[in-house]
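One structure is given below, encoded as structure tokens.
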Amino acid sequence: MTDVLKIGDREFSSRLLVGTGKYKDFTETREAIVASGAQIVTVAVRRVNIGQNANEPSLLDALPMKEFTYLPNTAGCYSADDAVRTLRLARELLDGHDLVKLEVLGDQTSLFPNMPETLKAAATLVKDGFKVMVYCSDDPIQAKMLEDIGCVAVMPLASLIGSGMGILNPWNLQLIIDQLKVPVIVDAGVGTASDAAIAMELGCDGVLMNTAIAKAQNPVLMAGAMKKAVEAGREAYLAGRMPKKFYSASPSSPTTGLIGS
Amino acid sequence: MTDVLKIGDREFSSRLLVGTGKYKDFTETREAIVASGAQIVTVAVRRVNIGQNANEPSLLDALPMKEFTYLPNTAGCYSADDAVRTLRLARELLDGHDLVKLEVLGDQTSLFPNMPETLKAAATLVKDGFKVMVYCSDDPIQAKMLEDIGCVAVMPLASLIGSGMGILNPWNLQLIIDQLKVPVIVDAGVGTASDAAIAMELGCDGVLMNTAIAKAQNPVLMAGAMKKAVEAGREAYLAGRMPKKFYSASPSSPTTGLIGS
Amino acid sequence: MTDVLKIGDREFSSRLLVGTGKYKDFTETREAIVASGAQIVTVAVRRVNIGQNANEPSLLDALPMKEFTYLPNTAGCYSADDAVRTLRLARELLDGHDLVKLEVLGDQTSLFPNMPETLKAAATLVKDGFKVMVYCSDDPIQAKMLEDIGCVAVMPLASLIGSGMGILNPWNLQLIIDQLKVPVIVDAGVGTASDAAIAMELGCDGVLMNTAIAKAQNPVLMAGAMKKAVEAGREAYLAGRMPKKFYSASPSSPTTGLIGS
Amino acid sequence: MTDVLKIGDREFSSRLLVGTGKYKDFTETREAIVASGAQIVTVAVRRVNIGQNANEPSLLDALPMKEFTYLPNTAGCYSADDAVRTLRLARELLDGHDLVKLEVLGDQTSLFPNMPETLKAAATLVKDGFKVMVYCSDDPIQAKMLEDIGCVAVMPLASLIGSGMGILNPWNLQLIIDQLKVPVIVDAGVGTASDAAIAMELGCDGVLMNTAIAKAQNPVLMAGAMKKAVEAGREAYLAGRMPKKFYSASPSSPTTGLIGS
């Protein structure tokens, strides 16, 4: 296996990361996630039981940690302090597990990231020994700052969380991909299979999604579609697509160099 | 196997149809086509040897007819007469094989279809007992005329042949898909994996491509990507995607009903 | 005045052509059309009174023929015969006026043109001495056929009549503009000012619209906006826009040659 | 004049703001700017002589301050300190003129804003009595922070400075427009007339551009086109466009609520 996704010193063969929320029950959660082929699952520590409530069903039973790499996240946090506190709790609950997803949100309507608080929290968490994967805007300058702080992966939104609008600004993603050395993983906004393929064709290292699978009419079937779409997009990227031309007989390729070409 | 592509009375599990031209040699042709999982291969009767030249290597050796369903096509024909003549020759060469792809081109620069000649040739060929799959513009009225004539599949272009520009007008494709009963197969214009996925998510029954695979830097790898992309798009279509919303918290889904939603 | 729109041997300074239907009353019709600066007004002979009903208010009173160039059209016709009959009636009603707009529709839902019937009617009308401006699909081959038949202007749709969806396939329009010598006027689909500007920036010779003005919340204000938008788009086309670049410091202009660049 | 652009306590009838750089000479600068109808002109204090070099031609001669409102900017500044210093110098050179445009850039390749430094500089300048118009990313959360700091106008990029790529993410602009009370002025990225119209149709309060005019093949003609395009877009916005529908006969308007609808 040569084409691996390397995050920090962990290696993964799947480039599809999935959320665990919004499913009917843990059974559906598990079925869909197994169908997706995902190895990394992200969990909202504030919303899902991973041991906080000892007497209730735990996600850890449906998705055992020996089978999946957990990525506790800070969904629902609106300040650096909240986010840091939440991830420290997660580390405790998960016996020192240090790979986390930081997200600090800007408001409850758009769920757009609050970048100043995100930068602050990232700095604290990195110093505190966490391996931080970080949800962020598609601002290439601040994405670079997050890499410089020491985050192990940068995860710009494609469009708003839960919107399913797809990749609204591929050009900003391109700037980020061109400049960063750590993996760039599109997080949020993917709505259907082609969105995931497009992200991978741009050169993203992976895609994280939740609603697109959980809120499809048939989540398990969609999970399988997403698995194939991410692989298709990755392979198309590696295969090197044909140049775009206005028409076949055109002497040059006026659109070469564009996104996706 | 419940999700089959039915063309006339033939059934196929693969929804990816591929061309056989533009490869380095028949070995690469075969490797790429096997990787694509395609069951139907189209061949330009005027350009490729399928027995016309008895002493030269024949495509039939690389891709035996017991392994693949042949779809002789009329690439290079600019009139109904030429196209009809060419397909009659093909039928003779292939021992009465009646499944064909009609294309009558409008000019040598754009390779856009000549629709009046296409309609004329389609009528002649159907009367002559051919099962006609027909390359056409994305005009929903003329697509319906081709169905009414008795064509077994209608194949609108996504963009110009060999351009790799992707799906330029999904709305016209949608009108065609909504109105026709025979399979609608996007033919021409696909450039990369996500293009194929988008076509399938729109509700197309299949995708036909050649240059996107043959002119990728790594045709065999791209062929596999296309196989996955077509399956991903089909499964996403069947799974029923999440609704698009401007933001997750929006009470309704203002973009429901749009293409791809 | 050097930048004139020449249709047949008539010359116009305005490149905005407008419909006369869908207004509250003839007063609003007149106010909006005056605000638009249009010199050519198109009228649905089957729906609007231009003398057929001698005792009812006539559009000719609100918009006198000495002030505007009339363009009787065949809205509502679904066959060549119907269209030809309708325009012969119009010529009679308008004292031999020979400048007409041919449209033959494919079905009542999409109002997409029926191209075979359009081609047939165009041939008959041209032979019969009409100056034919013709509504058509964005098929570059059939657009050329209409020019070859002798039409004085070719009017491809941008999107479906009354849809306001804007220009769905600028590439096909570009092919038409590049190949035709007669004026190319976008007809149908413009929804707001920028749509009209985009059409003109592509190199169209004019824009025809009705619903976008008549069904704006404030038709008279929108009419003025459209006047400016068409002029802005035309002037931008003539001025020669800056090249597109991914970023300013990029050594070359990878997007030069694209639509609108 | 009821439809005015109000910035702080200043009022303007023109919603087109223009830069003064990249022209052949001050004569061309003046001709183009007069043709644009702009009342506000922005000047790069680090590059253009507005009195720093007493013996050289000054922009103030070509564009007198009694005729135009000056907007000194910090083009070329990569830190808050640099930007603050530059604007204090400008205030001195322009006799206490306090309306300024802050821009702190992130790197020399993309010229994308450095938002942390921009926020810092904005806070300092507002406290120091400046009326700050601020170039920024299209991040709605940080745009709101800039308003909360006391900036008098927020100016998100449409695409990278000097790129002419147009509006890459209208959705983020929409979020900003919906949330802010101060004027939102698109700054950077406009390439041709329709781009400006689209920005105004979204509900932006104004558009600032430089390269699109200065680097058109005919800058003066393009300046006039931009004037009309901004007015057309503004009037279309005020007039209330028709709803978008897939086709005219569709019972509802599935695309209502979308950008530009």
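We call the chains A, B, C and D, going by the order they appear; numbering starts again at 1 in every chain.
To be clear about the criterion, a residue touches a chain if its C-beta (ideal position, glycine included) is under 8 Å from a C-beta of that chain, and two chains touch if they have at least 3 such contacts.
Source: prediction; values computed, not measured.
Trainee: Shared numbers divided by all numbers used: is that above or below half for chain B and chain C, i.e. same or different?
Mentor: Shared-number fraction above one half, so same.
Trainee: Among all chains, whose Cα centre is located farthest from the one for chain C?
Mentor: So the chain farthest away from chain C turns out to be A.
Trainee: What rotation angle takes the CA atoms of chain A onto those of chain D? Round to the nearest 5 degrees.
Mentor: Rounded to 5 degrees, the superposing rotation is 180 degrees.
Trainee: Between chain B and chain C, what is the gap in Å from one C-alpha centre to the other?
Mentor: 34
Trainee: Distance from the CA centroid of chain B to that of chain D, rounded to the nearest Å?
Mentor: Their C-alpha centroids are separated by 48 Å.
Trainee: Using the touch rule from the top of the page, what residues of chain B touch 2 or more other chains?
Mentor: Residues 110, 160, 165, 171, 175, 246-247, 255 of chain B touch two or more partner chains.
Trainee: Where on chain D does chain C make contact in their complex?
Mentor: Per the stated touch rule, the residues are 108-111, 160-165, 191-194, 197-198, 201, 211-212, 215-219, 221-222, 224-229, 231-236, 238-249, 255, 260-261.
Trainee: For the complex, which residues does chain C have touching chain B?
Mentor: Per the stated touch rule, the residues are 106-107, 110, 112-116, 119, 137, 139-142, 145, 159-160, 165, 168-169, 171-172, 175.
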